[in-house]
Amino acid sequence: MFLKNCWYVAAWDHELIDGRMLARTLLEQRVLLYRGDSGQVVALADRCCHRGAPLHLGRREGDCVRCMYHGLKFDPSGKCVQIPGQDVIPPKLGVRSYPVVLRDHLVWIWMGDPERANPDDILDYPFLRSPQWKGVPDYLHYKANYLLIVDNLSDFAHLAFVHTHTLGGSEDYAYKTRPVAIERLERGFRVERWHMDAPPPPFHRKVIPDPQQNVDRRNIGHMHIPGVFFLESLFAPAGSGAEKGHLQGAREYRNCQFMTPETRRTTHFFWNYLNNFEGEDHNISRSLHQSLIEGFMEDKHIIEAQQQILDEDPEFKMLAVAADAPLSHFRWTLDKLIRQEQEGTRPVAPGARQPDPATAGAAA
Amino acid sequence: MFLKNCWYVAAWDHELIDGRMLARTLLEQRVLLYRGDSGQVVALADRCCHRGAPLHLGRREGDCVRCMYHGLKFDPSGKCVQIPGQDVIPPKLGVRSYPVVLRDHLVWIWMGDPERANPDDILDYPFLRSPQWKGVPDYLHYKANYLLIVDNLSDFAHLAFVHTHTLGGSEDYAYKTRPVAIERLERGFRVERWHMDAPPPPFHRKVIPDPQQNVDRRNIGHMHIPGVFFLESLFAPAGSGAEKGHLQGAREYRNCQFMTPETRRTTHFFWNYLNNFEGEDHNISRSLHQSLIEGFMEDKHIIEAQQQILDEDPEFKMLAVAADAPLSHFRWTLDKLIRQEQEGTRPVAPGARQPDPATAGAAA
Amino acid sequence: MFLKNCWYVAAWDHELIDGRMLARTLLEQRVLLYRGDSGQVVALADRCCHRGAPLHLGRREGDCVRCMYHGLKFDPSGKCVQIPGQDVIPPKLGVRSYPVVLRDHLVWIWMGDPERANPDDILDYPFLRSPQWKGVPDYLHYKANYLLIVDNLSDFAHLAFVHTHTLGGSEDYAYKTRPVAIERLERGFRVERWHMDAPPPPFHRKVIPDPQQNVDRRNIGHMHIPGVFFLESLFAPAGSGAEKGHLQGAREYRNCQFMTPETRRTTHFFWNYLNNFEGEDHNISRSLHQSLIEGFMEDKHIIEAQQQILDEDPEFKMLAVAADAPLSHFRWTLDKLIRQEQEGTRPVAPGARQPDPATAGAAA
């Protein structure tokens, strides 16, 4: 049901500070995440192999964890290294460990065959490590399947109706604009859409010096398997020629959203909305952070309602409209990869790379 | 599981004022109810045919509704009449609409084959439109199958035990009285029961000038398929000859209760308890309204407990006592109609009509 | 799934005072418990045979109970003795009654074949009736299968990790001590464990005059089918020779815990922690009572988490360590008895008897 041989985001690094033992269900498996004394991030099955007690109620000891029911101790590889009151430890006694990589403040985890876990396959988002891009990393929990969130992000027209007064700005967005390009990628899609000469949408209006001036707006979205969305947004003074590459006076955003299935009906949603123009004024990040939460709550409201409706009637068949081409491609691709994985065929190598932030993020 | 080709009450008309979009599950189907600008009551499947978003989160536009996820617009027949950003609309794109009729403050809905929906088959209750009968229309939600409420109303003996201190008055009602008539009807039953020379029950005592005087009490209940209960109650001074038709000094009530399945385990319960003697003193209606709620809460408590018990053990077989004849007939009749409906046989035509209120409701 | 032909604890006698109608689910059956006017304890199926209404919402009349839905009345044997408004009562009409025995403040119930119910088979715990042993009887509800609590009590090593700062005292208990004896009994097991020359654990330290002095600690636990635990604890001054039978200056506890399945996932837990040294100072009982609740909450926290984990993955196989010998024997024995019961073989007679309290409970 889930693609397993790929990298998912398991946590932001700040969720593991102060020795926290983070219990998190990922792809319907209970995982315990923590950083050992050495700094190493450890991911183990959150279930003692002895009597099934949860290890997150245990105690971290160096890079190891001790179950606080009967005292069994496990090292970062999951191997049992101590049983109080017993001298011999069966060599195979232990819990599953998962490959994890800490990169650019994200903890990535590999839920499939550890042999295939190659950190080079982790999707790269350089804006998260670039000092010129600022934002507030955050997390939301969704009571909905992660693909409903992928769907949501696949059609920008929803900005007009779900987010009229927040992220969208007006219903014109749905009527007057269309995608100028929809590209089917090997592991996802790319969509580009322009909206010329319109008032800036509310979230942008709050952080710019001249909120009355009309803007030309460009959104470029990339969706990647298994559920990672990168959005480049550009707002330029209306008529300044942004569509021809004149970016004088433009402001840009980089938005990353990582959807990781908790269960088939719930999702971990990690995100950051970065700007490259705030300088030292962190209130711009804070304003954008608040605006985005407001917008995400609008999505969450309708998507969770949608999940309930789908749960009630498994017979219901959705009907596609023209704008569903990207999401149809995404689901088709993902289904194929899952099928290949289950049949034992090696999936195609991921390779989506982002451009360099120094050149890509032209600032105002 | 439910009889579909018949009229159910979906709402009181006051539930649709101020443009309210009423989301209500009926027979396990999500329905959106609203009144359009023209005054027309519209009932549509509360699920957009595109991605399954709930239409009740949408926006009413005239007599139409627009889904506020991607902006599809539907007319009162359920046909999709606009897709923002798309010029051609597939002719079959749309959602299901249900026949509805607004009559005497009740919204009736037909959940089965629309071809068979004949408004002449709607059960008539003239007391709801007669100016001499006054009451407060109300609604209760039950966590129980609607037939458990039908059962409850089939044996007035429960008045003695469930409602001793509210609607019943004393346990004598169960010991000293018996139905004088039980009539099996083609689509329901009629029960008549007298209780002679007893103190008035508490709910009645509160609204009469001489609460110390004993009364002769007559209850006549009609239960109709699918779950509609009409009760005529008469209280006459004890010994005044009401049983011989002398109604001098009698006071009467007309009580209607409409049980509509929400799911197989929950029920919408619409009711009104009408009197014909309050004149302009609306406090009598209000007192009766409060007394009835008190009594219904007693029913609800035991019926919902009963539902839980039945859910726990599907093997449990109830044992009938003599007083169960009416409910047995009702369930047998309903089962037969459902079976015929599922086999495609046309059910017998409903035709239960109430007498004219002008002659039927002889007042004090 | 449960052993039925054996005695379980259904309640403490104080739960039935003041005419209380106690509704309690036992082995997934709803049972109503009450004491009649004669003093007799009655246990009936808590479901009227007529329409399934719960009898605990009914009314006690002498030793009988009346269903307050339609008024059917049942005697202590479950036989229906009155149907209001009906002269003839079918002779088989009635509800199931269960054999119950009130002994030493415990209400024991037999959920299986009543023919086989022999009060002589009830496990005897004389300390509950001995005036020299004092304690506070209490009850906890567990959201876990009762066998997980049996498991918990089977390995005292958990004292070191779960109860380090309450009932255990230190982690040394797990590292420095081992059971000196594990006896497999026909219907349970016996475990004895000593911990020499250690500081008294917190719960004991609070009720003794010299909390600084080290103690020699002996625990002897008996676990009996179906889930009854008796624990004898002894604390003697370190080096006083308690292990050779010199009990001068020793203090003792008798702890009984009765685990009765409510459902396969929930448990009634009755317990009393008795001491023989408080004399008239009831604050010692109260202090021990509070300490034990504190400790039990630690157990409950981890055992309920364990239940959730086991529920999530029925495929999970626990791995036994050496200390699991007693619980493995217990589960093997219980499984065998359940299998024999389901195949119709008569189970072996229970016969676990406790020693006489006058000789067994040597006091300080």
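All chains are identified by letter, namely A, B and C, in their written order; residue positions are counted from 1 within each chain.
Note that contacts are C-beta pairs under 8 Å (C-beta built on N, C-alpha and C of every residue); 3 or more make two chains touch, one makes a residue touch a chain.
Keep in mind that this is a model prediction, so the values were computed, not measured.
*Asks:* Under the over-half criterion for shared residue numbers, do copies chain A and chain B use the same patch or different patches to meet?
*Replies:* different
*Asks:* Just send me the rotation angle from a CA overlay of chain B on chain C, rounded to the nearest 5 degrees.
*Replies:* 120
*Asks:* Measure off the straight-line distance from the CA centroid of chain A to the CA centroid of chain B, and report it in whole Å.
*Replies:* About 50 Å separates the centre of chain A from that of chain B.
*Asks:* Going by the contact rule already set, what residues in chain C reach two or more other chains?
*Replies:* Residues of chain C never touch two or more of the other chains.
*Asks:* What part of chain A is in contact with chain B in the complex they form?
*Replies:* Touching chain B: residues 151, 155, 157-158, 160-162, 171, 174-175, 177-178, 301-302, 305-306, 309-310, 312, 316, 318-323 of chain A.
*Asks:* Touching residues of chain C toward chain B in the complex: what are they?
*Replies:* Its residues touching chain B are 30, 47, 49-54, 57, 66-72, 83-86, 90, 93.
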